[in-house]
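First the structure, then my questions, so here it is.
We call the chains A, B, C and D, going by the order they appear; numbering starts again at 1 in every chain.
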């Protein structure tokens, strides 16, 4: 099946209420189809209640809906057991859970291997461990914006306790071979963690095939509500881990003197859960499945193909990402001219120089005037900005409801912007 | 203004879809009015997007809605500055944030003072600190189910770094004088934390009057969605604290070598936030304000008055909570007969004895058959169950949409249940 | 529990369960037990203590004491009758679904845990024979 | 930025801003500055460096260099013209609202930060005079 954006768009009320809106910021967050919105309001209007404990009908039904959502997520990512699915707020919380719990066992001098293309959410939680003398290393990115697998391999050593890497870069679109990376980790006795925030929404993802130890993603980037995210973990590993947050629902037995923990996954779900979020995520998965994840991937691939073909209609455009469509998700970061990092010395000593660059914020503001929503900035990947030698970039990230005509409009508008504000 | 439950009930779609439902489990979670449901789906249908960063219209509007919600929460609880309001998932996460961040500064032998009537969410996060040699002490509950303030005072000593106490007990309904407790703490140089999960939804709460250092509550217990909760903290304290979760949005500047943090409150809001949750909470506050928190409190007080007057129509009923209505929120925990904790020795040596008790689960199941939803169990307060000498209790907790006729029906059904299943 | 939240497919089953709850069979402690165990459902406090006497692989005697709701206690009583005289391997092979169908009452997910407490306790009790 | 997300209450203001962006006034570094500062908005990378020369409480000279969007850079240029020759107390007293109204462009909450970067940087620069 191929994706029909024009038809799908009708499922998303936001486009009805914002006629002509060209929404190209899907890597940040996606829009919600009516079926997801309905699933959430139906829950409020029929069986809203506390799950797991209530001995009354609506609570039993809410519990069933919540646990069915867990089963659906489990199947969707190829997990063999729903107990391996922990509901959390988002990818960020999932990676923090891992850094706090796995981090406890690390000793001074132990190493964590990341890559140069990580999102802040897969950097800062690990930075916290530096206080304990943990060393953070980065596998290099190559000139073609792909990961240097050899460098990754070389940096894996007996001290490498954990490796955490993104599946798809939210800036470059680079698809990393996480199966290969997980295999290297496993051979080295290193725990592997996949940041799948930009892959699960956009392509088939199968944890059993990848063979990683943990994998995390967010509902809001895949048509579901915000406030719901997922940590997948191998059951035996989850069972060995200490809990992260303490409170109701995650306990076995509690006295004034101590406590035992509930079984996984509940051990990690302290406090009242976001049941409506889980139900919304389940509805989002139904929607994506009805399209087919292969079709979603193919659509984005053809969108990217189109982008790379017509980008040069805009003068001075520079893009940041692999040119091989097989190694690239539907993310396109670019600048018009050079948007260099600030450097006081060079800037203050030379007289102000006219350049052909347009700052990404100005691009975004101009395009907004034409009802085109794009992202500009550091994309929560500041170190990577430095690495690719820019202060920031502009980015578009199409999804199932975007079509080529929108891309054409986007590039026409870019050219118009260049005329209007280049200095 | 007095509360008109019959009229208010019409605002809650769940009652239309479940005719005759008598929902008495509001201390667990409350139902959602149409205005809250609408606020959430309107958001999805009009300006759904990522906040704080987008240079396009819907993102600017979403940011405004999100930050306006923060302002509304701030006013609602009498905080002088919206920067003192941190959006989190729920009370549980808020208290964990405090235990993880404040806990870092504690030394072996430092003490944390709790009370005997705390919810697991205000116990387990502190238990974690025992590993570091922190000592946990409990202020006693008196025979009349109120807190022993003298004991609290006596247990405050130079080593008491933190005191964390509930405003209203979710089992006993006991309203603690948190203003007095905070004053004692402040005189002793002890950080004061109020678990306001059961007070903010039910009575006027003013942090500036209370004078506590921190206060936490959950949206889902006050007509708002799950997945959104609040930590209030004095600004200077929040500023001194290290961050808890790391990731996007909470940073200042990031390099491969380290990071600086954003200003409060954003320093504590890592990752994509639950914007729809904050908007739903704002709509819930509008709804509650239109009734008036004084009226909400008065309604629950008169409900409790009615309960305490007619409870004795049920034989062998025992209730657990203060009889003074000024010291009691709208929570009524009870048992029929003695529901003692299991004791192998006494139970195995004596022959099975007929007792007049009915297990709370059987009560709840029977009442469910009559469409009355009540809670049974340990209410996430296992240690307190031991303290009051029971295995578990049944509990009802009326809210604005409950009326006396429902209470009458409830007590009639209790009597019927006693006939049907007492052994 | 005529009006309970069991979806009463079978009034007779409910009456049987209530009868076992009111007059539990095999209540007490087996003298000289081969194995015994106390299990409880932390979520609701239901507690069961089983003691069994096994000879040549056969459950010669089984008794329980406990405290909890009619479902957990009634099911425990029914279970003792079900397995007494059976081989430990037959007893260990009883699946959750089978036991629920023996009880014959439709239960929601939260109360199923009450009904299955006895089966899980018995299985642990049998397992610990081999340790 | 005729079509920008500034709600263009005033096309003239936008033209002025763009003119300042394209041809920044007071661009460079003051020699023998009394105070200088580099500030940036971490959220978008906009950077400004101010240097000022103060004599008898008067801002005798002020220059900036920077990098960033038209709003942050244009506003910085406009600000230098606004405060040059003013007393440091007058300059320090300019409120955010006042400065935004001088700019005359309506900005959303996220881009207001760009416009206010220069004002905040200048204030810090003045504060550091007293240290």
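Just a few scattered comments:
Criterion: a residue touches a chain if its C-beta (ideal position, glycine included) is under 8 Å from a C-beta of that chain, and two chains touch if they have at least 3 such contacts.
The structure presented is a predicted model; accordingly, all values stated were derived computationally and were not measured.
Of all chains, the one whose Cα centroid sits at the greatest distance from that of chain A is C.
The interface with the greater number of C-beta contacts, when A-D is set against A-C, is A-D. Chain centres here are Cα means. That of chain C falls 77 Å from that of chain D. Note on chain placement: the centre of chain A and the centre of chain B lie 32 Å apart, centres being C-alpha means. Between the Cα centres of chain A and chain D there is a gap of 36 Å. Centre to centre, using the average C-alpha position, chain A and chain C are separated by 47 Å.
Shown for chain A are the residues in touch with two or more other chains, namely 53-57, 59, 251, 253, 361, 364-365, 368, 376-377, 382. For chain D, residues touching at least two other chains, in rising order: 5, 42-43, 111.
Of all residues in chain B, those touching chain A in their complex are 13-14, 16-18, 21, 25, 28-29, 31-32, 36-37, 40-41, 44-50, 53-59, 89-93, 95-96, 99-100, 116, 119-121, 123-125, 127-128, 130, 136, 138, 218, 220, 225-228, 245-251, 253-256, 258-259, 270-277, 361, 364-365, 367-368, 372-377, 380, 382-383, 386. Residues 1-6, 18, 21-22, 24, 27-29, 38, 40, 42-47, 49, 65-71, 111, 114 of chain C are the ones that touch chain B when the two sit in their complex. By the touch rule above, chain B contacts chain C in their complex via residues 340-342, 344, 347-349, 351-352, 354, 359-362, 364-366, 368-370, 376-378, 382, 385, 391-392, 420-421, 423. In the complex of the two chains, the chain A residues touching chain C come out as 52-57, 59-61, 63-64, 67, 251-253, 260, 262. Put simply, chain C touches chain A in their complex at residues 5, 42-43, 108-111.
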